[in-house]
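Input: structures, listed below.
In what comes next, chain A is part of two complexes: it sits with chain B in the first one and with chain C in the second one.
Up next, the complex of A and B:
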């Protein structure tokens, strides 16, 4: 409603495209733009970790054990003399790869299952959605712990666990969009023209459900980073000596009185991408769903 | 649809879902690559011991038979024997569950008392300092890992200031005051997330309601903003908040895994983690089953309460 009046008052010569309109609305949300900037910064330092990191993530130096922050070691060193700043940078690489891998897997599986369930309806819908109900009967951390108990802790194991744990969420979102979409005239006309079902699902329905799913992707990335870090902290995630932000905090917590930098920097490092994804997700949600009155 | 019809439908749906949950929990052991007995025993695995455990778990029989027997046991309260505790799983869980429940029951009111007024205040004065401050707290609250906030709180209030015990658990039946003193830091760390989530929901739900037709009508009638917000919008915007509160209440048992580990509280969360680390499969199965049951029951009760308060929801569900 409010967007309609907005476009009426704005007299523009060029007709703004849908992306432009979206960008206008999103960029009004300064917090979300801040989140986007923060995320871009984190992605750049993660990609350039090889050039930025002053040391290797695993190199031990017994001449520099438990040193506080200094010019040589901007975030100090740990009990094995490893440079915390370098470990944080390479830790980002690991936590991002696990989380993005897991969420992308859930996104692909969940969206396909949800679209198919909503489109076909009937027993397939019933069967898939009851499966979703079952998986959603577990809090995701508990589901993750149960699966780790079976497959054992490993880097790609965690990605797989996240993929399984988050699939139902995407399936639910995709299904609810798919149910209303499959009754639309343009989908019906595709059926009449004899377009194959997989083609209808992927080429025609998928792009139309992308909006709400992108919000879900962003928020699940935030959850995923927290869950991955939590599993590492608990000792059932990434195994040493790989630099893992959660494990670094677990190592530091018992000597926090003597070496606060061992806990503080990894902790803040975990928060930054989560804040970025949460603020972007909130901004996207407000943009896609402008139900709230402005002012 | 009548309320009792909806009630019956939801309760009946609960049964197949719990059945699905039981199959999943049963399969945890069978997903283990190789023999779970070998994995459980690790370096101590001798052929005799492996055979003994396999016999105890009934691993030599066909899977459907194993499942039916396991389920029959579970329904009678027999969850097998915990290897790390050398006791029946059911008695271990019964003891630990009350500890976690105490943590959850203390956390929830704390979260409620802070989250709801803050959310309302933020919505009443949108774009004010109160709003920005509470939104800032909200974003940080949902973004800070529980283990980080717990470690920070512990360091400041227990290690540096020495006001509160660093960790440990005292039963309220033993010494009520000491029990509460030990619970303050765990409860605070656990409440932070719930406060953030509930406050954000309260705020956005209230702002959503304000955008609706009938509120605009009240505004046009000349009713003051304060009366509209507190007298009319609040009641209606509370319904989505109840759903979120129910979810948070259910999630708290999983948040307890981290909190109990950090503060050395012998509850359900710590039990499941120890069971996973020690590959005590009967204990993993039992505790996962119990948490899923808790989560499902809490969600069921929430759904029923929401449907009772807002009968429109029943229509959407049918």
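Up next, the complex of A and C:
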């Protein structure tokens, strides 16, 4: 008995809990920590846009058309005299809300479908996964364009399109985890104890597949930002006069020789969250899957 | 009426399923269990023994409705288990529990021990949160763990402790019948004995019936009232434990018993243990499925499958030549006594 108590105290000292372990492993990855810092910075300036932005996003000033970066306009102005810095800040607000909304929708639908497909197997699995294959056989941008053509461009329309276009990715990740998990004895023991299927899926399987899914969420957020910006660039995304990073890039491309700031700053603004999400995603993947070789 | 009656149970799995193999006709059936029948009386323990791949675990999984049977019935208190629904099914879920082989994977890794044990209580009873907590402490005590283990995660406990937790979870709803699927095979030998003793104590205290699935004859001998020996999905011999161990009637049982290492100093090392491998259940041999490995086999064995014959009320055997097996053992025994007498004489 006394030996048992001894080992338990040892355990408490050596293993301060799974979260601490995770934190240790993640914080070892310098690039991922940098990405997390960058993301935190971007989120803060987005939330505080009302206080930080010197001008309104749509205020036009014909006395200051196409001015280069200056103290008054840190990122210059566009052809309507709008402050690009302010437009970038408010543009973040729109692009983040669209991307996060879309990815969360895909995460919810995809995870549910994938878990059910992997758990039930059989014809349901075949049916859902062949559907996923069909969706995945279209490049996601083409799929998004087609869907937008059908439902018309709007902010929440784009979010919905992202949600549909990314559902298959989450469904696949969730299904592969679900298949291996369904064979574990603890899932079978839950069935034997009469735990209902929805409860098994949501209360037991979901928390156990969350790790790999969070990695996918982070990486898909990066893709989502790019896709949203691309749709805007092509003119089917956020409609003017709402500030949209992609559209600003498109407006600037024709006069890049005269007003480089009109393209550069929105371009960098798109790049930063993509870098942040990608580095965080890579870091999380390394942390959740320590079997992968770390270079 | 017996508590559990398994009658003519078969379970076939389709290997290589799916649309394409179906069209090509390359689908195969794996006969995991074939025409298995046995009964378990209240308060008794039936041991199910056999090599890996004999279908032992499948029997357990069909009884607990993880699998639907291809043929045959499982009756519990007279009711067909696979036709239960609604509140009858919930009642069945409460009174029949299962403990799995690998304690490391049979608990949800993200649930604290207390939450795992309390879950069946939450589903099947209307105990309040405080009452559940109290019951969990009680159960932990029953399986000789501390109430403090409630707040630990499975990865913080040892294999033996985890198996105790599994047993506590199984006991949570006052079951009548527990299927023990190799409950100690993954544990250290010293821990095995303690878990087995715990199981025997619990059986006495709560009047439990067990179906004890194992490949370990020593463990079976220790715990079971009756033993059924399985080979390639079929029961080949069934008898009260003592009789089976003293006087096996089936050549396979004999082989299994001879394969057990005898730790007696100077004990004769048996040479007639089992040879060869268990054949694939995808392609079982014709006739008696044991005949390719059997030293008693004759031409008849490769053609006719022997039925499970009832010799007396408690003993069943499926072999054309069981009398030869019995006679052979009688010879061996007399030889043994003879040689030991001689040994005594020379000393």
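Here is the rule we go by: the second predicted complex is superposed on the first by the 277 of 295 C-alpha atoms of A that agree within 3 Å, B and C clash if a C-alpha of one lies under 4 Å from a C-alpha of the other, contacts with A are read in each partner's own complex, and residues count from 1 in each chain.
Quick note on the criterion: a residue touches a chain if its C-beta (ideal position, glycine included) is under 8 Å from a C-beta of that chain, and two chains touch if they have at least 3 such contacts.
Bear in mind that the values here come from a model prediction, so they are computed numbers and not experimental data.
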* Touching partner for A:184 - first (chain B), second (chain C), both, neither -> second
* **Partner chain in contact with A:44 - chain B first, chain C second, else both or neither** => neither
* Check the residue A:204 against both partner chains and state whether it touches chain B (first), chain C (second), both, or neither. => second
* Based on the superposed arrangement, let me know which partner A:52 touches: chain B (first), chain C (second), both, or neither? => neither
* Which partner, chain B or chain C, touches the larger number of chain A residues? -> B
* Structure fact -> Dual-contact residues of chain A (chain B, chain C) none
* Structure fact -> Per the touch rule, the chain B residues reaching chain A in their complex are 13, 16-18, 20-21, 24-25, 28-29, 31-33, 126, 135, 139-140, 142-148, 151-152, 155, 159-160, 204, 207-208, 210-211, 250-251, 253-255, 257-258, 261-262, 272-273, 275-277, 279, 281, 284, 288, 291-292, 295-296, 299
* Contacting residues of chain A [partner chain B, same complex] -> 31, 130-131, 133-135, 137-142, 145-152, 222, 226, 229-230, 233-236, 246, 249-250, 253, 256-257, 260, 263, 267, 270-271, 274-275, 278-279, 282, 291-293, 295
* chain A residues touching chain C - in the complex, by the definition given at the top -> 11, 15, 18, 126, 184-186, 188-196, 199, 204, 207-208
* Residues of chain C defined as touching chain A within the complex -> 18-19, 61, 64-66, 89-90, 93-94, 96-98, 100-102, 105-111, 119-120, 123-124, 153, 155-156, 166, 169, 173
